[in-house]
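Next come two complexes built around subunit A: one with subunit B, the other with subunit C.
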Partner chain A sequence: MFKILLINGLIIGGVYGLIALGYSLIYRASGLMSFAQGDMITLGAYLGLTFYSILRLPFFLSFILTFACAFIVGVLLEKGVIRALLNKSVLPIYIVLATIAISYIIQNATQALFGTTTLRFPQVFSTATLTISGITAQTEAFACLVISLALMFLLHLFMTKTKFGTAMRSAAMDPLAAESCGINTSMSTGITWALAAAIASIAGMLLGPMYGVYTTLGSVVGRKGFAGAVVGGYGNMYGAMVGGIILGLVETFVAGYWTGTYKNLIAYAILILFLFVKPTGIFNEKAIQDV
Partner chain B sequence: MAKLLELIDFHYYYGNIHSVKGINMHVEEGEMVTLIGANGAGKTTTLQSISGLTKRKGIQGRILFNGKEIQTYPGSKVAGLGIAQALEGRHIFSKLTVDENLRMGAYLRKDTKNIKDDIDSVYKRFPRLLERRNQLGGTLSGGEQQMLAIGRCLLSRPKLMLLDEPSLGLAPLIVKEIFIAINEINREGTTVLFVEQNSKIALSTAHRGYVMQTGEIVMSDTCKNLMENTEVKKAYLGV
Partner chain C sequence: MNILNIQKKLPLIVGLAVLLCALPFLVRFVAGNQYPLLIMCIILIYIIAVSGLDILFGYSGQISLGHAAFFTLGAYTSGLLNIYFNLPLYLTIPAGTILATLIGALLAYPASKLKFHFLSLATVAFGEITYYFLYKSPGGFTRDFKGINVISIGFLGEDYLKWYFFLLAFVVIVLLGKTSLIKSRTGRAFISIRENTHAADGMGINVRKNKIIAFAVSAFLTGLAGALYVHLIKYISPETSMQKQSVLFLTMLLFGGTASIMGTIMGVVCIEVLMEAIRPLQEYQMLFYGVLLLIVIVALPGGIYGGLKNVAQNIRKAALKRLGRNTDNQKKVEKGGEA
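After this line comes the complex of A and B, so read on.
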């Protein structure tokens, strides 16, 4: 029982971690919270479904195309809405409100295109279940865990080991100094939003086979990712990964040992608890005082 | 000598506030020029307008670099022309190491293999940075951060180096060390324009000086003459 719950918790936690990453990246780069972040998951799930199930492209290609499309949506969102509003010197709260509007637009647009019924994401692997050291789960679920962890590792490498990733972090740390070093901070912020959207879209594509695809998939799961980001330390990349995984584990263990009815309640109770007791999260990120 | 930088009837507006009121100044190639004046005179606005860090729509007038108008360029593009700036308050990337901070200074350079040598020469100039090369920028002392800010500028191999208040908040001994380094950098061929509230050290280091007062340039002369000027003595040197 414990081992099964542990694996299941890690699987869903990995996805939460990916989503949390998006929230934290955006906060670091722009100092904003985007309500449309969860809908990038929905968008990813539908994009994946379109490429894989409707157009019958290979899974790997669908994966890349979903990533690329969401990346472009992220750039457009930042350039077309967020930056346009920032240039008008609009107060941050109105920009956050604008992201709520974007969120509903995406939800309604997907509903108009795909309808209100939950769509089934076809099986990806030929073997439906896989047994690893005595634990049996959907093959997609194992793939999900591997892909989540791999993406986190790749993002870590990109942000810390490459010149462009370091420049992106610099731009988030100190835009004025970054600009004076020749870093195009406006482009860097756009790419950060794009990466956040692309990573969320992958989370959506991973969730599809397990949860099915429906228009509010992202807003439900997105909230969990947000909670994970707060628990880990809002704005901290590694905090987001760890916070998401912790949230997934807690949720799964509560459901397994106690009751499934309260698993969401417990997850958000943890969020509130952290805000009161340790608002800087596990990784001690001083999000609130940060300028 | 050729004019490397020239400001012609330069104004700056923050919305309705007219903060720089039509100044003319220039810096010749190889020169070291200082801009002194009290707090709020418009010195930082002027410097950041040259480097493209102020909002472009606030600018009126012309900024010429090597004879080319640059007042519409964003900061990252100005940096590409060979203008580097050490900002007021140093602005070190606090969560990057000393080494990474220096590498960011070389962000636009294509000659990757020379960067390593230039980093080493910064460490030679400021040995204290070498000891701290793997430490995070945010953990350095004020003086070390100023050295790093100057080093980061040098890594872009600039034609013109702008320094904003390099002495701010530093102990007198460190200020002396920083200004010795600035002097050396200028002698090695980099043109320097710096803003300074410590008029005494500014006028004893630079070749020429401009005195700025509430958005206007009220005096300009060689530093030698400015230091002997009774008004400057009274208002800025406290003699």
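After this line comes the complex of A and C, so read on.
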């Protein structure tokens, strides 16, 4: 029982972590918040389904194609909506509302294209199970965890060690100063949103085979992912992963040992608790409090 | 000055009052049934709810993505008191309103120190918690996902004409109250917090306290709307506290234009009529919200009221300019004549 719960908690935690990673990336690199991140999961899952199951391309190729498509969607989203709003220098909250609008549009567009039924994502690694130190689970589950952790590590390296990552961070900190140092802030925020969308699409590809693909697949996970990001410290890459995994574990263990009734409530309770008591999160990331 | 203004506006006010009183009779006569009247009643209720949101978002600059939760809290309290204790309308509605206000103030106490992004997260979480709580309450006292059916024994019954005037009175009181609040010291404090929190703090405004007041007033109005709603429709389900409803309120507010009385009214009327018009396509209702919201945010940040005001201003400016140029020309001509 314990081991099963642990592995399930880690898997769903990995997915929450990926979502939280997207939020942190966007926040770190542009100081904004996106509510469309969850729907990028849905989009990724449907794209993966289209390439892998309908067009029957090899998994690796469909993985790359999904990643690329989501990347392009992210760029378009930033260039078409977010940049237009930033140029008008509207209140930041209008950008949040715009992302909510986009999330509804994605949900309804996928519904119009694929219908309301849950589609089955064919198993990628056949039905083989993997046994590690006595714990048996689907290979996909392990893949999910490994990919999440690897992405976190890569992203952290990208943001702190590469020139482009540094440029992105500086563009978030002070766009005007970054601009005057010769940094293309418009491009760097574009890349940020695109990367976040691409990460979410990977999460969609990973979730698809486990849960099936439906139009609100991402929106619930996406909203819970905020809890992961806040627990870890909003804007912190490692924090996002740790927070996501903590959230997944707590949720699974409470549901397993105590009560399944309030499974969905737990994430929001944790979110509100952290916001009120420790808004800087475990990794003590600043910039949340007002006066 | 003030009296003069009122006297000047008197014909307008009387005209508006006559129109508002005649409208339901006219609508009932044209439509031949009660349905359009019901829609008008819902519009009036939404005007109250969106006015509440406007005080928080439009005037104080604080975001709430969970306002539907206050609406449902008002509605559930009011409805549950009715079905369990058979209390009359004039007791359940204040009870629902007071509970929503209290919870709003309680939520605002810790939430008021959060920056807008994180405030929006906290309010989303609040909305979701309310939803899941009502959906699966301890002991099922909220009737869970089935929602509650109210057997209203009020003096209004099923007569939507009576309801219309009852709600119209509420709307007039709410809008007058809102106007005087905004013109008061507290209202000016709200606006200063919206414009620049730090400057407001520096001017000696208690930011935290005023934010809490804004939240409480906002929850009061939205809770009142909910408490009225449940007696009008006689049914409420947890679905109403979902994010969808909160976004509907925000769409109405932004579509009409924030921080104004007319904007709120125009937004609610337009969106509600539009939603009725596309009822056959209900599956894609959310798509309409999304597209509308996006258009308003990108193309019309001031909403339709703001847009109209801009157009009116431009016309006036252009007219003045033309007039000014004409007078200039005349002067030149006169001067030329003199020379």
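What we mean here is this: the second predicted complex is superposed on the first by the 286 of 291 C-alpha atoms of A that agree within 3 Å, B and C clash if a C-alpha of one lies under 4 Å from a C-alpha of the other, contacts with A are read in each partner's own complex, and residues count from 1 in each chain.
Criterion: contacts are C-beta pairs under 8 Å (C-beta built on N, C-alpha and C of every residue); 3 or more make two chains touch, one makes a residue touch a chain.
Remember, it's a predicted structure, so these values are computed and weren't measured experimentally.
Within the superposed three-chain model, A:N284 lies out of touch with both subunit B and subunit C [touch as defined at top]. Of the two partner chains placed by the overlay, only subunit C lies in contact with A:V90; subunit B stays clear of it.
Look at A:A112: by the touch rule set out above, it reaches subunit C but stays clear of subunit B.
Touch counts on subunit A: comparing subunit C and subunit B, the chain ahead is C.
By the touch criterion stated above, A:Q123 is placed in contact with neither subunit B nor subunit C. When the shared chain is aligned, subunit C comes close enough to touch A:V81, but subunit B does not. By the touch criterion defined above, A:T259 lies against neither subunit B nor subunit C after alignment on the C-alpha atoms of chain A. Legend: residue contacts after superposition of the two complexes on their common chain; A:L176 is shown touching subunit B, with no touch to subunit C.
Subunit A contributes residues 163, 166-167, 169-170, 173-174, 176-186 to its touches with subunit B in the complex. Residues 51-53, 74-76, 79-80, 84-85, 87, 91-96, 100, 103-105, 107-108, 152, 156 of subunit B are the ones that touch subunit A when the two sit in their complex. The residues of subunit C lying in touch with subunit A in their complex are 61, 63, 65, 110-118, 120-122, 124-126, 128-129, 132-133, 136, 197-198, 201, 207-208, 243, 247, 250, 254, 283-284, 286-287, 289-291, 293-294, 297-298, 301. Only residues 27, 32-33, 81, 84-85, 88, 90-94, 96-98, 100-105, 107-109, 111-112, 223, 226-227, 230, 234, 261-262, 264-265, 268-269, 271-272, 275-276, 279, 287-291 of subunit A touch subunit C when the two sit together in their complex.
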